[in-house]
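Both of the next two complexes hold chain A, though its partner changes from chain B to chain C.
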Partner chain A sequence: MDRKYRKIVLLLPISMMYLMLIGGGFYVVLKESLGIIPNLGFTDLTFTYFSDILEQDDMMISMMYSVGIAAISAILSMFIGTFIAYRMTQSKHGNMKSLIQHLLRFGMILPYLYMVFIVMLFFSQSGLVSRLLNVLGLVNNTQSFPNLIYGSMGIVLVYVLKGIPFVIFLVINVMNKISRDYEGVARTLGSNSIQILKRIYLPLSKDTIVWAGMVLYAYDLGSFEVPYILSQIKHQSFSVKLYSSYLNPSLSSVPETMAMTIILFGVGIVTVALFALVTRTLIGRTSR
Partner chain B sequence: MKKIIVLLLIVSLFLVSCQTDKVTSISEYTQWSSVLKDGEDKTVTILMWGGNESINQYMDGFVSDRLDELYGITLNRVPMNAPEYLAKLISEKKSGTEVGTADLLWINAENFRTAKEGLLIDGPYTELLPNLNTYYDLDASDLSYDSGVPIEGYEGIWGRAQLVFTADSEAPMSYNEFLAYAKENPGRVTYPRLPDDFVGVAFVRNAYYELTGERDIFQTEMTKEEFTTLSEPVMSYFKELSPYLWNEGKAYPSAQAQLDELFKNGEVDLTMGFEIGKTAGLIASGVYEPTVKSFVFDTGTIGNSHYLAVPYNAPEKAAALIVMDFLQSPEAQIEKMKSEVWGDMPAFDVSKVDASILDTLKTIESQPGTLTLEDLTAKRNPEMKAIYIEWIKELWIENIAK
Partner chain C sequence: MKKISLRLMFVLPLTYLILLSVFSYFKYPLLLPTHFTLEYWSDVLLKNPLFYKALISSLSIALLTALFSTVIGFMTGRAVVYHLGGYSKSLALIISLPLLIPGMILFLGMHQILAYTPFSNSVFGVVLVHTVICLPYTCNIAVAYFTGIPKAYEELSKTLGSTYTETFRRITLPLLMPGITLSVMISFLISNTEYFSTFLIGGGQVVSLSMVMFPYISNADYGHSSVMGLIFISLHLFLFLVLDKKVKQEVDTFYGGN
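Right after this comes the complex of A and B.
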């Protein structure tokens, strides 16, 4: 009883802070989205700002686009990241492993914007790859190099490049702790490497993989700077529209912006839960 | 544990106490001498667009040094786009923050409209400013109206700019030639994306003068329906242009800085901006080839005045006015006109300034490759009413981005 009480007391300051900052922020945004901002002259409680946005088809298309991009990026990162983590636990080249781990750590601390610039540096029409192919005579001029990065592909590429190190970082810790005995037994019974991954490593690290995927999904859904630079004008993610609305100098757009924020928050909560459920089931099925 | 709680309490008390004292309103000043008395030896924070290194150097170098010499004022420049500082001020207004962090804003047009309507800026004060009242033509239209919004003493003019293009090759000289050029060289030109980029909006609204043949109508009242009808040739022009742009018009540069970057990397043949001397400066520093030149369309480009304003909750309002007055002085205006410094047009009245200032002006204009004030004035289109700028953004999204 005493221990429990101590725990609560010790956690109180930080949870108070979170409650005040996030809860307070949420309360203010919710209030403003309902049209109550006395200092700007909005005083009537109304749901019109929500219905205005929900009635716009292109807003809903944007939202689905955002959800799709985030889900694809997160699932690809989980898939590739888990596989690499598994290969690394199996690998016997110690030096190689520590080198890769250092590289991954670098990839993890690199901000998303830097990753955008790195991708541009390599894959834009005036980028390194295009110039190299030009020098080798494989493309006539840099103009004929295809546009790879402006659009969904570029956005997913950046998210996945940032997501993989994160998944590996979390998953490899769990996989390293799995006892080698299971694997030995499996091998003597004739299992191959893929079967060992599916039957032993996946089920035991499932929670961590799903957890990493959830974090990535939530981040990719709300992130705006990557799609802001790379998106096409006809397919813009919801967060980019939200940002443009936030920057709109007209005061009358404030409550609508806040309503968009609440909608993104709500969709975020619901779809993160769905995402976890679906990926959990998928991994469960694979490992059966 | 107790210590932590006590610490938290102290911190929160401190945060609360920061909010209490209210700064005086600017309208309480009636004498410039009392402004000087209150404003000397203070620190002034200016929020301004930071995308041009030459402008930043002018502020951090010449302006900072002179302010320190003359008034002991320390200038703290914070790079921030207008929409961002407006969002910040709106949040502060909503939460009732009486003492903010910024003292001066670089502002104009639709952002000024928002700031004035939302009571985000303080005023009036232009009658106090000595340099403005001595060296400026107070009857000039841009001293009474900013993009159709009455100024009423709530902002002080800083300079005049004009949309200029920069290119290396044979360049188009009108919107019709621009379209023809794009068709001949698909993917080699583009403009910054609306609605967030200032230059992109200027490029689109400037097209109205050539494509509708109207000029003065944009200063008069129109309903949204009338304006939409008037916009039809412009919107169909940009629709026709779109597939021939960079990346087939599927993606646009997200900002002017990105367009400059594409131009530097040779992905596009043309860039644009509001800094008349920027190209000359970049040639001098070796970033652009010496053959690169800046020009305006034969059909004219939009001229645009820019201003300074004081936020409603500025902590050092008197000092902010001193800085504003200094930036308006002939000395600071002529320095900013030099192409190697900034290349921005001075806003003072040439008939009122001293002979030495006029001499410097003539020397600057005689430099090779500089667009002269005369050239620019001859090909200058007037600014539109601020509300039309908002509607153009909406129309562009409706027609091009959907």
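Right after this comes the complex of A and C.
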């Protein structure tokens, strides 16, 4: 009895947090999206707000845009991060490893918001890369350097730069635990380092890589500040769109905003699951 | 060669941040800024009335978040390892839920529900929301560390006549200490790097460091952004240095067999 009681006490706080904040939030948003907001005088249950939203074309476009950007950045981070993590486990230089550790730490400390600034500093039309090329005589003025940061490219760049340290951080732990014997055997049998990565390291760290990718994908999909600063008027990511509709002072737009939130929640959950499934299969294919 | 290019990858941005924070003239083809000035530093440290308010509220939010999420995380970890028979896949999925729902939607939902409580637009509301997004990490750390402690230790201590609290204080807690430090560190960091949730839930009443940073960055204001960045980075590097001594095997156990 004592044991059972203890179990409930230990699990109470987290269940409260999740049920009240996540579950409760979902419940309120769902209720409002169905048109029930007694305080504002909406009392009839209706699905019209959902169909209204689904009929808007630009809604679908910005959703696709966000999904695309998030998927590309997450996959790039997974790919590069895993590769660097593998090279690090293979590397025999002590200082190299500690150097990368510092770099990792640096990448983890910086908020996404600040990574936007770093990317601006280096890759904008008047950024350091452009200046360096100017000195070398390859670029004449700011206009002849391509616009890399305002638009999809910049957003992806920020996400990838933040994503890589995260992937390395998680994957390297798993890779470090893989016994060196497998590798030794493979080498004796004549495998090269790419084959060892594909046949030994990838299958054994698959779960962690997919997990890291999933988290990054979900984060990139719902991030606000990065697309807000870097996006162009032509394409808007759905988080920016959702927030501007959330800020709309007209009370009659509340249910529509909530319906939008619910739709995006559904899209989010489905695509996160899909993303995990697809990357899992892809890694499985590669390692065959 | 590789080593030099790697070193450049973090020395270069840092050097430029330092240079840009004290030199004001950086017209296009120049590679290095000129015209020494301390104006940017004084603007942020002396003239910006929000800076100290933001610093204090950022630190208190982060500390409270670290405290809450670590305590709740380790309670959950304990329950998972000792009472629920280990970390099954479905359990891991439920605990990780806040990471798998896109942030925007998660925060809008929490903003809606907090409006029914007295905590909206308050520091405590922000702490609650940050705690939710830190919990997946702290729970994972807690599960990893609890799994690492042989159950025989506690049983032995009980056989020798100690009470539950005594066993916890003298056996379990010391063994968990590195995990607790790591969990505090991670949640402190996550809370401090959050921008949107603080801004939304705080409703303009709560000002954090990243919110002071935001206008500088969105206006591409190099000088002030560099100052803010240096303050932010040194704050966390200091934290890491202090805690690093305590946590030697941090990385090995974190996320162990996920």
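Basically, the second predicted complex is superposed on the first by the 276 of 288 C-alpha atoms of A that agree within 3 Å, B and C clash if a C-alpha of one lies under 4 Å from a C-alpha of the other, contacts with A are read in each partner's own complex, and residues count from 1 in each chain.
The definition used in the following text is that contacts are C-beta pairs under 8 Å (C-beta built on N, C-alpha and C of every residue); 3 or more make two chains touch, one makes a residue touch a chain.
A quick note: this is a predicted structure, and the numbers were derived from the prediction, not measured.
Undergrad: Scan A:R288 for contacts with chain B and chain C and give back first, second, both or neither.
TA: A:R288: touches no partner chain.
Undergrad: After superposition on the shared chain, which partner residues are touched by A:V29: those of chain B (first), chain C (second), both, or neither?
TA: After superposing on A, A:V29 lies in contact with chain C but is clear of chain B.
Undergrad: Would you check which partner chain A:R180 touches, where first means chain B only, second means chain C only, and both and neither mean what they say?
TA: Once the two structures are laid over each other on A, A:R180 reaches no partner at all.
Undergrad: For A:I229, using the defined touch cut-off, is the partner it touches chain B, chain C, both, or neither? Pick first, second, both or neither.
TA: A:I229 sits against chain B and chain C alike.
Undergrad: Using the superposition on chain A described above, determine whether A:M96 touches chain B (first), chain C (second), both, or neither.
TA: The answer is second: A:M96 touches chain C but not chain B.
Undergrad: In the overlay, answer first, second, both or neither for which of chain B and chain C A:N248 touches.
TA: Touch status of A:N248: first partner only.
Undergrad: Go through the superposed model and pick first if A:S126 touches only chain B, second if only chain C, both, or neither.
TA: both
Undergrad: So in the superposed three-chain picture, is A:F117 touching just chain B, just chain C, both, or none of them (first/second/both/neither)?
TA: second
Undergrad: If you tally the residues of chain A touched by each partner, is the higher count for chain B or for chain C?
TA: Comparing chain B with chain C, the partner touching more chain A residues is C.
Undergrad: Residues of chain A that sit at the chain B interface in one complex and at the chain C interface in the other, please.
TA: The answer is residues 9-10, 13, 28, 32, 124, 126, 142, 228-229, 246 of chain A.
Undergrad: Enumerate the contact residues on chain A facing chain C in the complex.
TA: Per the touch definition, chain A meets chain C at residues 3, 6-7, 9-11, 13-14, 17-18, 20-22, 24-29, 32, 93, 95-96, 99-100, 102-103, 105-106, 108-114, 116-118, 120-122, 124, 126, 128, 131-132, 134-135, 141-142, 169-170, 172-174, 176-177, 207-208, 211, 214-215, 218-219, 221-225, 228-229, 238-239, 242-243, 246, 261, 264-265, 268-269, 272.
Undergrad: Please name which positions on chain C make contact with chain A in the complex.
TA: Against chain A, chain C makes touches at 2-3, 6-7, 9-10, 13, 16, 20, 28-31, 71-73, 75-76, 78-79, 83-84, 94-106, 108-114, 116, 128-129, 131-132, 135, 139, 189, 192-196, 210, 213-214, 217-218, 220, 222, 225, 229, 232-233, 236-237, 240, 251-252, 254-258.
Undergrad: Within their complex, state which residues of chain A touch chain B.
TA: Contacts found on chain A: 9-10, 13, 16, 28, 32, 37, 39-40, 58, 124-126, 142-143, 147, 150-151, 228-234, 236, 244, 246-251, 254.
Undergrad: In the complex of these two chains, what residues of chain B are touching chain A?
TA: 1, 4-5, 8, 81-84, 86-87, 90, 93-96, 110-111, 113-114, 117-118, 187, 193, 195-196, 247-252, 254, 258, 262, 265-267, 390, 400-402
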